[in-house]
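The next part holds the structures, each set out as structure tokens.
You will see chain A twice below: alongside chain B first, and alongside chain C after that.
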Partner chain A sequence: MDSILASSTSTLESVKHFINVACEPHWFMIISVAAFFIFLIGYRFWTKPAVAATIAALVTLFFLASCLDDNFNKIVTKADNVPIVIMMVSVAFLLWLAFRQAAINDERMEKGEPLLEAGADDKVLVWPDLVYSELIALVLCTALLIVWAIVLRAPLEQPANPNVAPNPAKAPWYFLGLQEMLVYFDPWLAGVVLPGLIVVGLIAIPYMDKNPRGNGYYTFKERKFAITSFLFGFIILWVVLIIFGTFLRGPNWNFFGPYEFWDHNRPAALLNTEFHDLFWVNLLGRPLPGHYLMRELPGIILLGGYFLLGPLIMKATVFRKLSRDIGFMRYSMLCVLMLFMLLMPIKMVLRWTLNLHYIVGITEWFLNV
Partner chain B sequence: MINQFGNWIRESQIWGSIFRHGVPRDRRTRAMAILSNVFLHLHPVAVRKSGIRLSFTWCMGGITFFLFLVEIVTGVLLMFYYRPTVEYAYFDIQGLRAHVTLGLLRELHRWGAHAMVIAIWLHMLRVFLTGSYKPPREFNWSVGVILLVLTLLLSFTGYLLPWDQLAMWAITVGSNMARATPGAGSEGPLSAFIQIGGVPLVHAGDDARFGLLAGTFVGPNALLRFYVLHCVFIPCVVTVLLAIHFWRIRKDGGISGPL
Partner chain C sequence: MAKKELITKVWIEEGCIVCDACETAAPDVFEVTEDSCIIRPDALNVEFAKPRSVEIVDAAEECPVDVIKFESETVEVADDAAAEPAAASADAPVAEAKKTAPAEPKKATPAKAPAASSKSKAPSAGEPDPSIQALLEAATSRGGHAGIMKNADDMPASTQDWKAADPKSLPPDARQAKVVEAAQKAKKQSELHRRDFVSNSALAIGWTAFGVGTGISVGPAFGRFMMPNVLEEPDPRIRVGKMDKYLEMVPGGVNEDYKPQGIWMIREEDRIAALNIICTHLGCIPNWLPNDRKFKCPCHGSGYYPDGINFEGPTPRPLERFRIAIKDGIVVVDKSKKYQYELGQWDQPGSFILV
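This part shows the complex of A and B:
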């Protein structure tokens, strides 16, 4: 009996260990990105109610089982983290709802049948049809919010003390995507330039997307590029990073697996590979040039090539039709925004593989990329 | 009995002076019910049937607006109890829990704020996935993005007010980034070049972070500044933009649908 128990605990431990490893930054991101594309490619299959319900049931089961683990439980049930669990569930559910309707619409369009949203002339009066649904929604939301407020106390920690810094010091959860960017970029990029570009990019979307189809109904087939790139930003680079920052970042902003104890003594990760070292010392076998501009020239050329040649190469290959359709200005804008967005995953991969610190590191001017 | 009483009220001069239309039973009076009420008048009289299906809009814009109203009401009530000074702030918040009857105000306000952030993202997601930002709704999408930024700023400024460890250090992490603003933060790229005769113009005592915190650290001035932004300035701007947002929904032809 004892030995059965012992062996089952050790299986459990090795499952937990496996999941802890799978949650390490590189695996976590690789698995998320893979799941993202598999979902998009197979959207007609995954969104079938039976398939989606099975997946949801499995995930729920896994989540509940995980709550038996102390370390997992402690972080998930922290009052300020509960909204994130709510967000995860609602994003997943509504993505399903949207893609389910897109799958149905896409199939109907292939068969030449009317869309789910068809019947533009079917008008109903706002009183009573809309006003009453609004009233019901209002009552339901009020009730839900009151229950939430009764069940969960708003957290209040010790009085503010400028001399005692908590470790980890986390930004509010909706900014954790930005804080996670700080791992890969200096604050001027992660905290100022990239957030600014996110806002500019969002505002620019309707002016760059000249595709007249898919206006006012759910579809994926007619807007594959637009939807994929928007969701990549929203799901992978925002929601996934928030989940990561909340549940898997602990003291010293170190990574901790979901079943791991938050050990405060683990030192912060060391970053010691600079691109200028790789180029001058490792590749050419020469000492670093004395002047910093000369020293950083290879990195500057690399980045310059990325932002200047990238759009040209894409224009000649994957984006040949798109760049013709939307014209020079829109295409340039689109490229700049997309290349900035992709800078994040690129820097992540460089960090995991080469432990790269800076591509361009003009520390003298605080100008590091 | 009850019916009679109801009729008596509806036929009185007072009722008639407030609601100028009859009981909304037929097309005309139902249209009048919307047209003659300043709040309901945000709506058109008739809407596309597919546009108000729950599976289409998820009601997320409406829920965001509802949560904004909850925040205003609970926020005003909280202002009765809260003083934005380093001496009082924390203990006022603590007192809310201990002394105020049915002390749910803080809970409602805090969870409502979290919920609003979630709801606005989901609203944006649905607008994107239905392609509702396409012409003629480009401008309203842009107004929406500004609303999104302001909603996040509202949450961010409110985060400091309890003046506990969580608040102070989250804002410290956040505002430290302003120090790195290119050309405007003391540790930002290119700032070192902005100088006159060797005297740097951008330093810790006048950079972007200083402007945000009204000081070089998260202290009493920052608390007051965040309080005013949180309770007065940003809500006013949001209200104006919401008026534009709702107005434009109607002017752009109502909730989107297949052309």
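This part shows the complex of A and C:
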């Protein structure tokens, strides 16, 4: 009996260890990106109610079983983190809802049948339809908030002390994506330029994308590129980063697996390497050039090539038709925004794998990328 | 016998937008002035207005803001008499339309007549005006929706064109006089503008000079006024104890006793120095991790060696050091003066005490 218990415990431990390893940032990122594309490719299969319900049931089961683990339980049920759990569930549900309707519509389009939205009468009366719905929503929200406030204590802490920062110090949950960005880029870039570009890029979408397909009805087949690139930015670069910041970032802003104890003294060796060191010292085997512009030249060339040659290469390969359809200006804007968006995961992976600090690091000018 | 509507009184209510439409339709009756539109004095005479009834009705209908009002009476006239003042072909529908109107004089708001009739114009006598004929043709060919075809021959030009035209080419009538008058007035105004411009710019320069002078003289005083008279700030000089306890530290050691005051005292091989505890990435307060022998920021994971040099995480530069000195056997740290490594200031005297 004891041996069975012991062996099952050890199996459980090895499963936990496996999941902990899978939650190391580079694995987590690879797995999420892979899952993202698998779900997009197989959207007609997994959105079927039976399949989706099975996935939801399995995930719920896994989640509940994991809650038996002390460390997992502690982090998931922390009052601050409950909204993130709710967010994960609601994002998954809304994605399913949208893709379910898109799958049905795409299938009908292929058969030449009328769409889901065809003949739909959108007209709703303010009184009583809207006012009643609002009243019910208001009552339910109030009730939910009251129950929430009673059951989960407000996460108040001791009075603020300017000389002590909580460890880990976390932003409000909706800013955790930004905080995660700040780990990989300088404050002016991750705190000003990139968030500004997110806003500018979202504003620019209707000007770059004048394709009327998908207006007023759900579809994935007709708008594969648009939906994929938007969801990549939203799911991978926003929601996943919030999950990183909430569940995986522990003391000293180190990564911890979901079943790992948040040990404040866990050693972590993250010695930064600079791109100029990699190029001049490791590759060419010579000392760093004296002048900083010469020193950073390889990084500048690399980054310049990324932004200047990237659009041209994409124009000749993957975006041949798109670049012709939308014209020079729109294509340039699209490329710049896309390349900035992709710079994020590229730099993240470089940091996790090579501990790369800066690609271009002109600390003399505070111009570090 | 046919019934015919004759205008007995015409007037303009408030709200004219000076659009020239009425003058185009009935130039004998209406005169568009600079800022309004008036009834010509002649037209106040009933006998003058009556023969121009059709034009007046047209003008009332053309008016985009419907401010032209008139009183009319319906009289019975012989068929030939009915045909006389207006073009026979075009007037018939008007007469038809007005048959139902009551006989007694009434105050009529401009009733919308059929479009075809509204466009018909009365030629003065005899031969039909070719431009009117063209309009009528256009009206019938478009199913009753008359419009002026641009670039067609014999089309009456719009009023705007008349205005733009050379006065000499215009027919010698009141309109020509008006255009000449307007041209003279405009010339006069441009001269006035030139004179205004000179005096205005003199005024502008004067006021700008006054504003700048006031700004220069009063601005600093205002700035001083906005500053607090007393700035409540703790003394930046902090006494961190005797030298002995720092001499006892091993090289690479960190003393956290004065962290609440914002200072880490560190010991290097040959010197002691005071580190600023604020992370150079985004201003959090790092923690000293004795096991890892590093300062580690809990906000974004920046890491520093015990001497303050950055080596991990996103931070771009090392921690700053404060000025440090010995005064009366006590080590004093002055937080108002900082030394930055990347500027080569850590070798400056004052940034360390040699031991």
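Of note:
What we mean here is this: the second predicted complex is superposed on the first by the 342 of 369 C-alpha atoms of A that agree within 3 Å, B and C clash if a C-alpha of one lies under 4 Å from a C-alpha of the other, contacts with A are read in each partner's own complex, and residues count from 1 in each chain.
Definition applied: a residue touches a chain if its C-beta (ideal position, glycine included) is under 8 Å from a C-beta of that chain, and two chains touch if they have at least 3 such contacts.
Everything numeric here is computed off the predicted structure, so don't read it as measured data.
Judged by the touch definition given at the top, the superposed model places A:V183 against chain C, while chain B stays out of reach. Contacts of A:N254 after superposition: chain C is touched, whereas chain B is not reached.
In the overlay built on the shared chain, the residue A:N355 is in contact with chain C alone; chain B does not reach it. Legend: residue contacts after superposition of the two complexes on their common chain; A:L115 is shown touching chain B, with no touch to chain C. Touch criterion met: A:P166 reaches chain B and chain C at once.
In the superposed model, A:F366 makes contact with both chain B and chain C. Of the two partner chains placed around the shared chain by superposition, neither chain B nor chain C is touched by A:L61. Once the two complexes are overlaid on the shared chain, A:L125 sits against chain B while remaining clear of chain C. More residues of chain A are in touch with B than with the other of chain B and chain C. By the touch criterion defined above, A:P267 lies against chain C but remains apart from chain B after alignment on the C-alpha atoms of chain A. Taken together, the two complexes place residues 162, 164-166, 169, 179, 186-187, 191, 366 of chain A in contact with chain B and also with chain C. Those residues of chain A that touch chain C in the shared complex are 162-169, 179, 182-187, 191, 251-254, 265, 267-268, 270-272, 355, 357, 361, 363-364, 366, 368. Across the complex, chain A meets chain B through its residues 80, 83, 86-87, 90-91, 94-95, 97-98, 101-102, 115-120, 122-131, 133-134, 137-138, 141-142, 145-146, 148-150, 152-162, 164-166, 169-175, 178-179, 186-188, 190-193, 199, 202-203, 205-207, 209, 211-219, 223, 227, 230, 234, 362, 365-367. For chain C in complex with chain A, the residues that touch the partner chain are 259-260, 262, 277, 281-282, 284-287, 289, 291-292, 296-301, 303, 310-314, 316-317, 342. Put simply, chain B touches chain A in their complex at residues 24, 27, 30-31, 33-34, 40, 43-52, 54-56, 58-59, 62-63, 66-67, 70, 86, 90, 93-94, 97, 104, 106-112, 114-115, 117-118, 121-122, 125-126, 128-135, 137-138, 141-142, 145-146, 148-149, 152, 155-156, 159, 162-170, 172-174, 176-182, 185, 187-193, 217-219, 256-259.
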